[in-house]
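Notes follow once the structure below has been shown.
Labels run A, B, C, D, E and F following the written order; every chain starts at residue 1.
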Amino acid sequence: MSVREWMVGLSAGEKHFIQGGIAQDLRADGRKRLTYRPIYVETGVIPQADGSAKVKMGATEVIASVKLDLARPNPSQPGKGKVSLFVSCSATAGPMFEGRGSEELSAELSVALQRCLLGGKSGAGAAFDPSCLSIVDGKLCWDAYIDGLVVSADGNLLDALGAAIKAALINTRVPVANVPAGASLDEDPDVDLSSQETTRIDTSGVPVIVTLTKVGRHYIVDATSEEESQMSSAVSVSINKERRICGLTKRGGAGLDPSIILDMISVASHVSEQLMNKLDSEIAAAEADEQM
Amino acid sequence: MEYVNPEGIREDGRRPLEMRHLHAEIGTVARADGSAVFEMGNTKVIAAVYGPREVQNRSQQLNDQALVRCEYSMPNFSTGDRMRKPKGDRRSTEISLVIRQTMEACILTHLMPRSQIDIFVQVLSADGGTRSACINAATLALADAGIPMRDLVTSCSAGYLNSTPLLDLSYFEDSAGGPDVTVGILPKLDKVTLLQMDARLPIDIFENVVQLATEGCKAVANYIHEVLLENTKQLEYRRGL
Amino acid sequence: MEAKPLDSPTSFVNQLVVPGDVVLDLSTMANQTIKLGGGLRQDCDSITVLKAGKLRFAKPNKYWVESSQKRYVPCVGDTVLGIVVDTRADNFLVDIKGPALAFLPVLSFEGGTRRNIPKFEVGTLLYVRLVKANTAINPELSCTDASGKAAEFGLLKDGYMFESSTGLSRMLLSSPACPVLEALGKKLSFETAVGLNGRVWVNAASPSTIVLVSNAIMNSESLSAVQQKIMVDRLLQRVQ
Amino acid sequence: MEVDRADGRTRNQLRPLACTRGTLNRAHGSATWSQGETKVLAAVFGPKAGTKKNENPEKACIEVIWKPKTGLIGKPEKEYEMILKRTLQSICLLTVNPNTTTSIIVQVVNDDGALLPCAINAACAALVDAGIPLKHLAVAICCCLADGYVTLDPCKLEEQRTKAFAYLVFPNSLVSVRRKGSLQVEIEPVEHGIITSVTRGVMPVEDYLRCLERGRAVSAKLSEFLRRSMQVQAPSDSPTAG
Amino acid sequence: MGPMNDSSDLSSEMEVDAFRRLFPLRFHERHLLESIRPDGRPLGRARDTTLAFGAVASADGSALAKIGCTTMLAAIKMEVMTPTVESPNEGCIAVEFHMPPICSPTVRPGRPAEVAPVVSKQLSDTILRQVVMTFSGMIDLKDLSLVNGKAAWMAYLDIYCLDADGALFDTALLSAVAAFCHLKFPMVSLNDDGRVVVVSGESKGGKSGKEAVNKEQRKLNLISIPFSLTCTLHNNYILADPTAEEESIMETLVTVVLDSSLQLVSFYKPGGPVLAFTSAVMVSSDLQKAII
Amino acid sequence: MADLRLLRMRCYWRLAVFRTGAVNAASGSAYAEIGDTKVIVSVFGPRESKKAMMYSDIGRLNCNVSYTTFATPVRGQGSDNKEFSSMLHKALEGAIILDSFPKTTVDVFALVLESGGSDLPVVISCASVALADAGIMMYDLVASVSVSCLGKNLVIDPVLEEESYQDGSLMISSMPSRDEVTQLTITGEWSTAKIHEAMMLCLDACSKLGKIMRSCLKEAALASQE
């Protein structure tokens, strides 16, 4: 809360204007309570990464990149690749992110994203099945480093990052690694990656993250940083195609009645459908013009 | 290692005296006072300027000029290898110092005493020549922020491999271990504000490599002029004049 | 490890003393008032030494330890050279090489009033007098002598200032003119201001004179009176 | 005293002592102290305004920074810093200039045994050179116990081979105008006390007391050396009275 | 003395703990006159000591020691390591002293307390006392060896200060010694490729290929048990076992460590005004005997 | 592995013990033991906040959770846990009346002595008892419970092994008497109905836990009166 407070110095009048607007379903920038700001998606922005995407939601701009490294799977799950997720806030988003200032917020965002995208310990509810990253069971697998970078921050960072990671995963090309059959399997076998063909990750199950910010008695979607500074509490829900909930984080201080939380979850799942379609069309368009 | 094949074509298809493709956008970060993205080939850098604003810690305040602070950060996905220490590693501190000194020389700091100007440079993808790209991006961001400057600062790097001077080295050519000369000039005043070189080079060859780099800087300067003119036309158009 | 039994207190004078030595035993000296200078402290009924140095005795009853340090301990009545560090509403903050910054009230100038407050840039050199100096609060300075006249206090324009030890500046200000100044004074015309806090300011018409005088003073610290004269004469011949 | 030490010294003989003061001109006070091969450079930066965080503002605060010869600052250096700080706090007059910080930097030039006592002597000499008000001086010595005998000022080799050793710091012997022994502290004269004692290794209590005796005897010699080293550096000023 | 009497009439009408906070030294000196301490103990008496073994279930040996309010929790975990080349038949002990932010108001998270490394060094000196030639330590490292040259025990001794109220070193040493007494060696067995592996408690040697190297859960024998007592000196008063408040006021601390055979392990007096040493050593050693 | 799940299909949770006044150097402290998860929390303040902080007319909360090296079965290096610290901060923020101590900071430090499963809920409950012991004004105590979803069944207050192969988990920290949720985190795949059922289960567990915490505080108050 304190970081956002500092970012937007609002006078009492402006605060009242924002809260009143939301009550009458007409926000400061003319949107309704449940409409999103225009979303632009661009894929393949980082040439060195195996998959990358840039998402702009109004003034918020984030970049996600997926890089694959050869690694040895951890013994407890031999058949699966490894996934790690880390978010950092660049100082370009604001002077308070300079030096160590951004650590607290990036830690919070990383934890929220891990909870929403990587699912439970047994892998249920994960964005994608990590076994598609395995090459040789128990010996060799891909280690996927998912990195998020906040370039410009104007509220609703979690949804933008969620969308960017979804687009980056869709854009990822997993190089086909074929291991010569006879190779000795104990030490690290030599893998040839020369063959140019690549496969895609099955991203059908990737959930989308919807953050409902409660201001006064109403909830709004895709809040700008001014609106976020007025929030009493917020619930970020990650919902996949089958409208099942793959992760939830309640942020913000004030207590919430359980019934309100359930109501927010249902509103979120309703909105997620509309967001899912919009995102899929944007990503498809971006992928198409990247091929050209 | 074959960096320049017999016909004089480099590994990425450019001729020795040819720059990589330049691309620049202004005003990409809404909240910043001034911001710009600068691309040289695959090297892509975004810079944001906040200021002149109140000094954060009183002890650093200068009572006759503006305090210029700079932070250069490189995310761990921007280069080939993954292991990248967090913000405070030595290389990024050194590059922030270089950028700060270069920009401090060209900003008219005495016009804004007791204030602070923050320049934040974030590398998005690094393919050699990051230092020059950062300086060009910072210049554009400062211009976008409307901060009074003596002249634009443009920078370019040049090297010397297989006994031919090469302009604007890529990461592949840069990591070949050959000399890498980075030059920063004030194009109008024709003054050199930054000259850095590592590895060894005979004097006469050094002179024409520096000359080559200066040509490169002038080319960048022209491109930046065009971009700025285009941007002001846009602003004019948007304001409906 | 017996302590040398010495009866007469004066035998210590002009001898080197080390912190902790007991130099005066008040219980044996009946009703005599003693004035203690720097470097001595009273501990119940004996006077012990605080700082290493030579014990000095002046006629009536003044004892003090003469030592040479780089840090200055402010005491009332000293004339010092201060450098302005910051200006506040009602006084200037002046660095006098002491433990704390000294205050120079804005009005403590000859005929000083609210309207004609002088404007001192950061770093200007001032020749000032110490008015208040106790350990708890910052020392206070003034640019006037006791009678309120400016005398020679105030701003020192151009010239060259260099740091020296407190011992050397005390030697330069010793009552019979110090040999090195005397010798230089015969041949060259220059102006100096010596602060007891180990700062010397020299000003002369031509810069070469300033440099010559400053070097002469700096070298004279560890030379005896005769050696100082010889050193000055050699310097002057080389100049002519 | 038959000679039984590697370098031919008798048990009570110290290694050659050397002390130069005023070696650094930017420091407000500095001194190098060397005992045989062990050499330590100490610099004092005079009372600066303000005290560190939870320090008591009524008193002056002493800050010690120990710079080892090579490598990083580990736990041993932290312990030496704490011992040195407590020792110097007890000999300095803290009430003279309150709310100030005096920082003492100890740089180990070479370590050939008895490092801590050498550092304490160097710091003490540097404090005198900086003119910091002191109650009295301190001299430090290392006594080690080798098969029943107390040997003084061991070199590195001897220090590692002995069963146990003790670093002892005594107040220096005072030149006093008063009668001897009249300066009475309830039980024993003040010169007999110790300021700091740090022991390593197991030793019977009697051996420890013998170390104290031997240590106190040699501390008189050390303080004599300290006094003489003052003479050499004191500026020979003009004969005229002040 | 001037200040003395005005504070005496001052204290009459100001109640006790305001006076204690404003003039701490005078408050304690008034108590010393009647040779009693603020918490009612005579000068020579130490605070009552309690000891509880096996406080931590997940550690091989642990103990909780309390002297007055100062509480220390020591725990030892044993791990198998290959011994160093120059001492093939010796195990190794790593002593670590932690002062978490919960133990005292002065400790901030992130910055360790300055006294922590000092106490930790003293503890490792006292416990190991590794003087090269003659080994007179509390524990013979040869007991920690398993298979000469191939495997030996690595004992991680971690001491946590849960409540800091003076005499930290005494309580820490007491808890460390108690933890060693309570220590039980975990069951160890040699698996197929010759490496010694710790057999977890439940599956008692069930695997065929393993035969237990050490059958019974043997204890560690301690050669000599050190006891320490810290006293503070205030112009010829000797106070045993000071509380944190007394420690902060009276700056002279003397720590005497004797072992069971009454040999002086360490006499540690860091600074403080000159002391007539003979009396101090006598007093502390006979107090020591009282405790053993 | 399946047989264990059926065996443990119960709705009660492990024995809970609370005790206040564990650390007398702190202005308020509490020790909590639920099953073999042992936690000590001590509260300092409200005291002067760090100089770098700007003026704020509402009080500030500063939380820090750290583990001992021997807390986890495999020897960790006793580092601070940033994630738990920020979640503890979010859970307590809603319950404390922050504007009763403006400009100052209340420090809440927690040390996990032994980690026996669902450590964060135990830390949050123990912290709210410690705050009450320190006399910090609060709207209500904060009780926190977590439930693991293993296949079909919900296991409340999971032990370490159950947590290691849970399909999903739901952690709630709520104010029992005001019946408000201050913090809720869900991982793994859940349907909305399942969430509803799990929340109800947790909320009544929280109210039971709240009673135990209240009784412990009452005992401490009675004890200090004699």
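Convention: a residue touches a chain if its C-beta (ideal position, glycine included) is under 8 Å from a C-beta of that chain, and two chains touch if they have at least 3 such contacts.
Predicted model, so just to flag it, every value in this text is computed and none were measured.
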{"item": "Starting at subunit B, fewest touch steps before arriving at subunit E", "value": "3"}
{"item": "Pair of chains joined by more contacts [C-beta pairs], D-E or E-F", "value": "D-E"}
{"item": "Label of the chain whose CA centroid is most distant from the centroid of subunit E", "value": "B"}
{"item": "Most widely separated chain from subunit F, with each centre as the mean of CA atoms", "value": "C"}
{"item": "Separation of subunit A from subunit B, taking each centre as the mean of its C-alpha atoms, in whole Å", "value": "31"}
{"item": "Centre distance in Å when subunit A and subunit E are each reduced to the mean of their C-alpha atoms", "value": "50"}
{"item": "Whole-Å gap between the CA centroids of subunit B and subunit D", "value": "56"}
{"item": "Intercentroid distance (Cα basis), subunit C paired with subunit A, Å", "value": "71"}
{"item": "In subunit A, residues with contacts to at least two other chains", "value": "none"}
{"item": "Residue numbers of subunit B (touch at least two other chains)", "value": "none"}
{"item": "Topology of the chain contact graph, where touching chains are joined (line, ring, star, complete, other)", "value": "line"}
{"item": "Chains that touch, pairwise", "value": "A-B, A-F, C-D, D-E, E-F"}
{"item": "Complex contact set, residues of subunit C against subunit D", "value": "1-7, 9, 12, 16-25, 41, 46, 48, 50-54, 56, 58, 64, 66-71, 73, 99-101, 135-136, 165, 167-168, 170-171, 174-176, 178-179, 221-222, 224-225"}
{"item": "In the complex with subunit A, residue positions of subunit B that touch it", "value": "28-32, 35, 42, 44, 46-48, 50, 53, 56, 71, 73, 75-80, 82, 87, 118, 120-122, 124-125, 127"}
{"item": "List of subunit F residues in touch with subunit E within their complex", "value": "22-26, 29, 36, 38, 40-42, 44, 47, 64, 66, 68-73, 75, 78, 80, 107, 109-111, 113-114"}
{"item": "List of subunit E residues in touch with subunit F within their complex", "value": "56-59, 62, 69, 71, 73, 75, 77, 79, 96, 98, 100-105, 109-110, 156, 158, 160, 162-165, 244"}
{"item": "Subunit C-touching residues of subunit D, taken from the complex the two chains share", "value": "28-29, 46-49, 93, 96-100, 128-137, 171-180, 183, 191, 216-217, 219-220, 226-227, 230-231, 234-242"}
